[in-house]
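Labels A, B, C and D are assigned to the chains in the order they are written; within every chain, residues are numbered from 1.
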Amino acid sequence: MAILVDKDTKVIVQGITGGQGTFHSGAMLEYGTKIVAGVTPGKAGEVINGVPVYDSVIEAKESQGANASIIFVPAPFAGDAALEAIAADLNPVVVITEHVPVKDEIRVIHAAKVKGITVIGPNTPGVITPGAKQKVGIMPGHVFSHGDVGLMSRSGTLTYEIAAGMTNAGIGISTALGLGGDPCVGLTTIEAVKLFKEDKDTKALVLVGEIGGDAEERAAAFIKKEYDLPVVGFIAGRTAPPGKRMGHAGAIISGSSGTAAAKIKALTEAGVAVADKPSDVARLLKEAL
Amino acid sequence: MKLFEHEAKDIFRAFNMPTPSGGVAMTPKEATERAAEVGKPVVVKAMVLAGKRGKAGGVKFADTPQEAEKFAEEILKMRINDLPVEAVLIEEKLDIEQEIYAGITIDRNERKYVVIGSAAGGMSIEELAEESPEKIIKMYVDPSLGFQAFEARQMAIAMGFKGKQINQLGSFFLKLWKIVEAYDVELTEINPLILTKDGKFYAADARLNIDDNSLYRHKAIIEKLKREPVDQNERERLATENDMAYVELDGNIACICNGAGLTMATLDAISLYGGKASTFLDLGGGADAERVEKGIEIALMYPKVKAILVNIMGGITRCDDVARGILAARNDGDITAPIVIRMVGTNEEEGQEILKKAGIPFLKTMEEAASKVVELVKEVA
Amino acid sequence: MAILVDKDTKVIVQGITGGQGTFHSGAMLEYGTKIVAGVTPGKAGEVINGVPVYDSVIEAKESQGANASIIFVPAPFAGDAALEAIAADLNPVVVITEHVPVKDEIRVIHAAKVKGITVIGPNTPGVITPGAKQKVGIMPGHVFSHGDVGLMSRSGTLTYEIAAGMTNAGIGISTALGLGGDPCVGLTTIEAVKLFKEDKDTKALVLVGEIGGDAEERAAAFIKKEYDLPVVGFIAGRTAPPGKRMGHAGAIISGSSGTAAAKIKALTEAGVAVADKPSDVARLLKEAL
Amino acid sequence: MKLFEHEAKDIFRAFNMPTPSGGVAMTPKEATERAAEVGKPVVVKAMVLAGKRGKAGGVKFADTPQEAEKFAEEILKMRINDLPVEAVLIEEKLDIEQEIYAGITIDRNERKYVVIGSAAGGMSIEELAEESPEKIIKMYVDPSLGFQAFEARQMAIAMGFKGKQINQLGSFFLKLWKIVEAYDVELTEINPLILTKDGKFYAADARLNIDDNSLYRHKAIIEKLKREPVDQNERERLATENDMAYVELDGNIACICNGAGLTMATLDAISLYGGKASTFLDLGGGADAERVEKGIEIALMYPKVKAILVNIMGGITRCDDVARGILAARNDGDITAPIVIRMVGTNEEEGQEILKKAGIPFLKTMEEAASKVVELVKEVA
């Protein structure tokens, strides 16, 4: 078991004929991901990495029996691609694309919510379940080892850094999940915690947050009340100045809200062991388990 | 993209939103003309994409065109928040009965637009939120229906307005929403929105930020503005052009990393070891050698930089590419400050081999690297 | 019992300070309708026909405990008024206003559907339940007498004509319902039949249709399958030429669809006794009952 | 409001929808010029708001500007469906590979917009629906999301297109939807939408009807068109101005009633008694004396009218007002044909009293009235 992605996940790659789509569908297949079809309108009949390409998601789904989608199409078309995946009832829909207009994100997230579909991202590295050898994302698979700790994060490489540290320390991962670096993302931190809570094979959590918004504070409130297993946290951006976007569109301190200090305080009060450095995460996990 | 007040007001007027009479001036002489056209006492405002320009002296009231000229001259010479004043806006000084706040932005928890209003305008919404949160009215916009006229009126009612002012102020909010929809606005504020003594509402100020990710949909307006985003210095502009995330800080260590989260964590690690970062530079995913070299070049343009920390977690980015980029920068003589390198992940061994051959030292953990670069800076100082 | 409107109906009149709103709220009150509040933005505090006026529907509802709305506001603002009533969970929402843009109608009908609210109209004379002395509409109350026949129609005066004929013949009405003369209306003919089917005090139906669309054919199919009580029909527009709007925006024969002949055929095949003239309706009802 | 083909195409072009090159001409001479500008064989089309203009001879192909001039001269003199030809449109004759149908209208059962397409364009959609319904693709538009690009592509796929034509044709449908949304369009058709031998799509025809109820939102476009709706004769225009519903028919009895349903039923009753109506005239709700008089005046302008039947079911409309209107019309000498009156409902007795005093007979049921007016017409004939 795991969350969102497991051995039964059959993935459609939207935008498979583009550079990113081709490269990462290859990497996913190599890792073990069951990619059953690709979609690029107008390119039906092509074959990329052995995967047949269709003109539309619905054709791809009906021909190959897919149940999830990963989207690599350029930002101006990513919202439409996500709506197409949602209309075809694929779930989850993982939107890798960066720079999607927020108005489009809001439409996509709302459309998914109405249908009870999970959108991950946009601007996410995706989801990986090492135990099932399934990744629906762009993360380097080898840094994630199988185990019983759930990992969620708003950033990519920082996740790899922490995952690598865990792997080196002999701690494995049930599912690792990038939530996306944009202010508006589909699956939120608190929703991710809830999903992990329902997963009986996840025995502890690592919550990697960053400045901006109050997703971590909300998750902390939930953890305090409802989550009994160990949680280790890390918050990036302690030294970030207010008013500046730190790379991610979502990583910005506005006024006094969204600071690392507030997040660390909320998590600590919720009983979460908050690491000072990425490398402390593995140590704190060992102590907690 | 942040619009100047006068640019935002042009859009406001296109949506039939009342604004004070007046116009923009590039020179003191033009300011006199504008003030004369208004024919009443005016306000002279610095057109600069920075907050708190009032406190910085960028807003002055003038009773005569001559006075307007004098203030325009002063203000046009100013720099506010390290940015030059591009122009002044000369507008009729309104006879104020009440200052109101009206704004629309995006609520990231709800993943919805949120319309915000307060009868206690004039001060910043953040201050107001701390002092009198009960005076702030918020209404979320249904993503499938959009913001409706009746909701706009409910805003006005909840803010305490009565009679025909409900319709007038409601109409203001509705127009503001239509602008948000039309131009992918991620933040707009009218603060103050002024109710005059003769019972009329005017947008006395105007803040309008268009979602940068949506600019491809708004070529007509960008064309019309005939300018690039201007709230950036040369280094920032260069980084934007190269699609790198770049932020300048007060310290002296430039952090060049891949990924926003990792870059922030690197800044934090430097601080843990007693250092201070000067630069947040995220190369983004899949940086090649050329990009790495460019990143080093941009980082070193900032005079505060005393040392560089390159911290790469290879995923899509390959360590051999990074190594080649560093090597090229060194060979071109671009690296004018001590550099510390940490590099793991994809093609780690190939990359390390390249650096070893070139005699460039590297470290394996970000903690070692952060502590090392802090030491180096202390030696330099 | 009856449908949609009964003794527990407490009505808000939107647009009560306008000419139509004032006139018809007076007529409704005189008939016996429980009007608890009026709404005209900016006119709170006024009193019309003894009814207090509020600035918004939600204020009116919360102050006076209303559960239904009737809308008289001018066409450009009627869609907004209906959305306001729907947002306040009033049910039914009766839209008297004529000339509402169809785009607005579609939005309103969809918003109501999502919340399970019945919109009647636009361009309807409204609903009347003579037994409860409640009318939410503009029909002359005295031509409707209490009884057990349900009456539904797409037109106003024709309904009064037929109701008057029934009253003269001693046949009473459970509820009479104007569906509205526009192509897109909230409550459809078939939905009205379904509502009457659930009402145990309605023992027979009169279905007054007209040319345009195929609402009557659809209702006929339902009646054939699911409705066992007597139904008498009348279709206006047997002599109408194709391609011309006969007064109502919805009363138009396009190509070969929407003809009276097709409707009469469908109803007859469903066992409905179709009258040749309005005055035959009462006679056919007597024969059927 | 129905737009002329050239007006619709102006809007199409504003939304970047490809149309054949060419332009409109008001005179044969202008037609020559337009044809010369195109520089290729052209089609000369009658600009008239009537269907089947092709069958009426309103569409001709010309190989030379001289030929175009000749056809323009012929066509400009024509009346089609009793309407004058206002202008001709001169357009490049396309090299046709395939004729396609694309349209959007409103489905009254679903209460949604519906997008309709067929790879078998050229003939009317009604004929196509009878001959080959399987060739018609329909897609309903979700009222909260609108029509999406992926759905537009699905239309093209379902219509049998492949490769890059999926995106090209999809883009056509998407633009058509954007026009529908922007202009409250209740019906639009491109028939044929032409795929040329060199693989390009063009809107060769254009039908665009704007919802009359929405015209207040589109003042800019009406202003630009600089015209009133023109598909009406003088009587129809007069009725529209007076906000009455008015339709002319082939018979000789004018029916003046209140309410569309009642008016239709009155027409039907006349037919039942062996008569034929000339006029559908719905006075609307709450008609006063003046309005009744105006209605009689308009009805009698139609030369076919031999008798009048006034049938009023008083609800909001008061019978005394109606009686006063009839009386005024008689006293002014306006009633130039036999008239039968039936009038019941609100203020019935007062109204009947007025008529009695004036010596104007009236009846109590619509059946009596209908049978009476049919008799009268027979006597007149």
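Methods note: a residue touches a chain if its C-beta (ideal position, glycine included) is under 8 Å from a C-beta of that chain, and two chains touch if they have at least 3 such contacts.
On a predicted model such as this, the values are computed, not experimentally measured, just so you know.
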item: Remotest chain, chain C as reference, centres from CA atoms; value: B
item: Centroid spacing, where centroids are CA-atom means, of chain A and chain B in whole angstrom; value: 27
item: Distance between chain centroids, defined by C-alpha means - chain B, chain C (Å); value: 55
item: Whole-Å separation of chain centres (CA-atom averages), chain A against chain C; value: 51
item: Overlap residues in chain B, where contacts from two or more other chains coincide; value: 144-145
item: Interface hub residues of chain C, defined as touching at least two other chains; value: 107
item: Touch-based graph of the chains, sorted into line, ring, star, complete or other; value: other
item: Complex interface listing, chain A residues touching chain B; value: 75-76, 99-103, 105-107, 109-110, 114, 125, 138-140, 143, 153-161, 164, 181, 183-185, 188, 208, 210-215, 218, 234, 236-241, 244-251, 254-256, 260, 276-279
item: Residue ranges of chain A touching chain D (in the complex, touch as defined); value: 41-44, 55-59, 77, 80-81, 83-84, 87, 107, 111
item: Complex contact set, residues of chain B against chain A; value: 106, 108-109, 111-113, 126, 129-130, 143-144, 181, 184, 186, 211-214, 216-217, 245, 247, 249-250, 257-265, 267-272, 276-277, 280, 282, 285, 313-316, 344-346, 365-367
item: Contacting residues of chain D [partner chain B, same complex]; value: 144-145
item: Footprint of chain C on chain B - complex, ascending; value: 145, 148-151, 153-154, 157, 162-167, 170
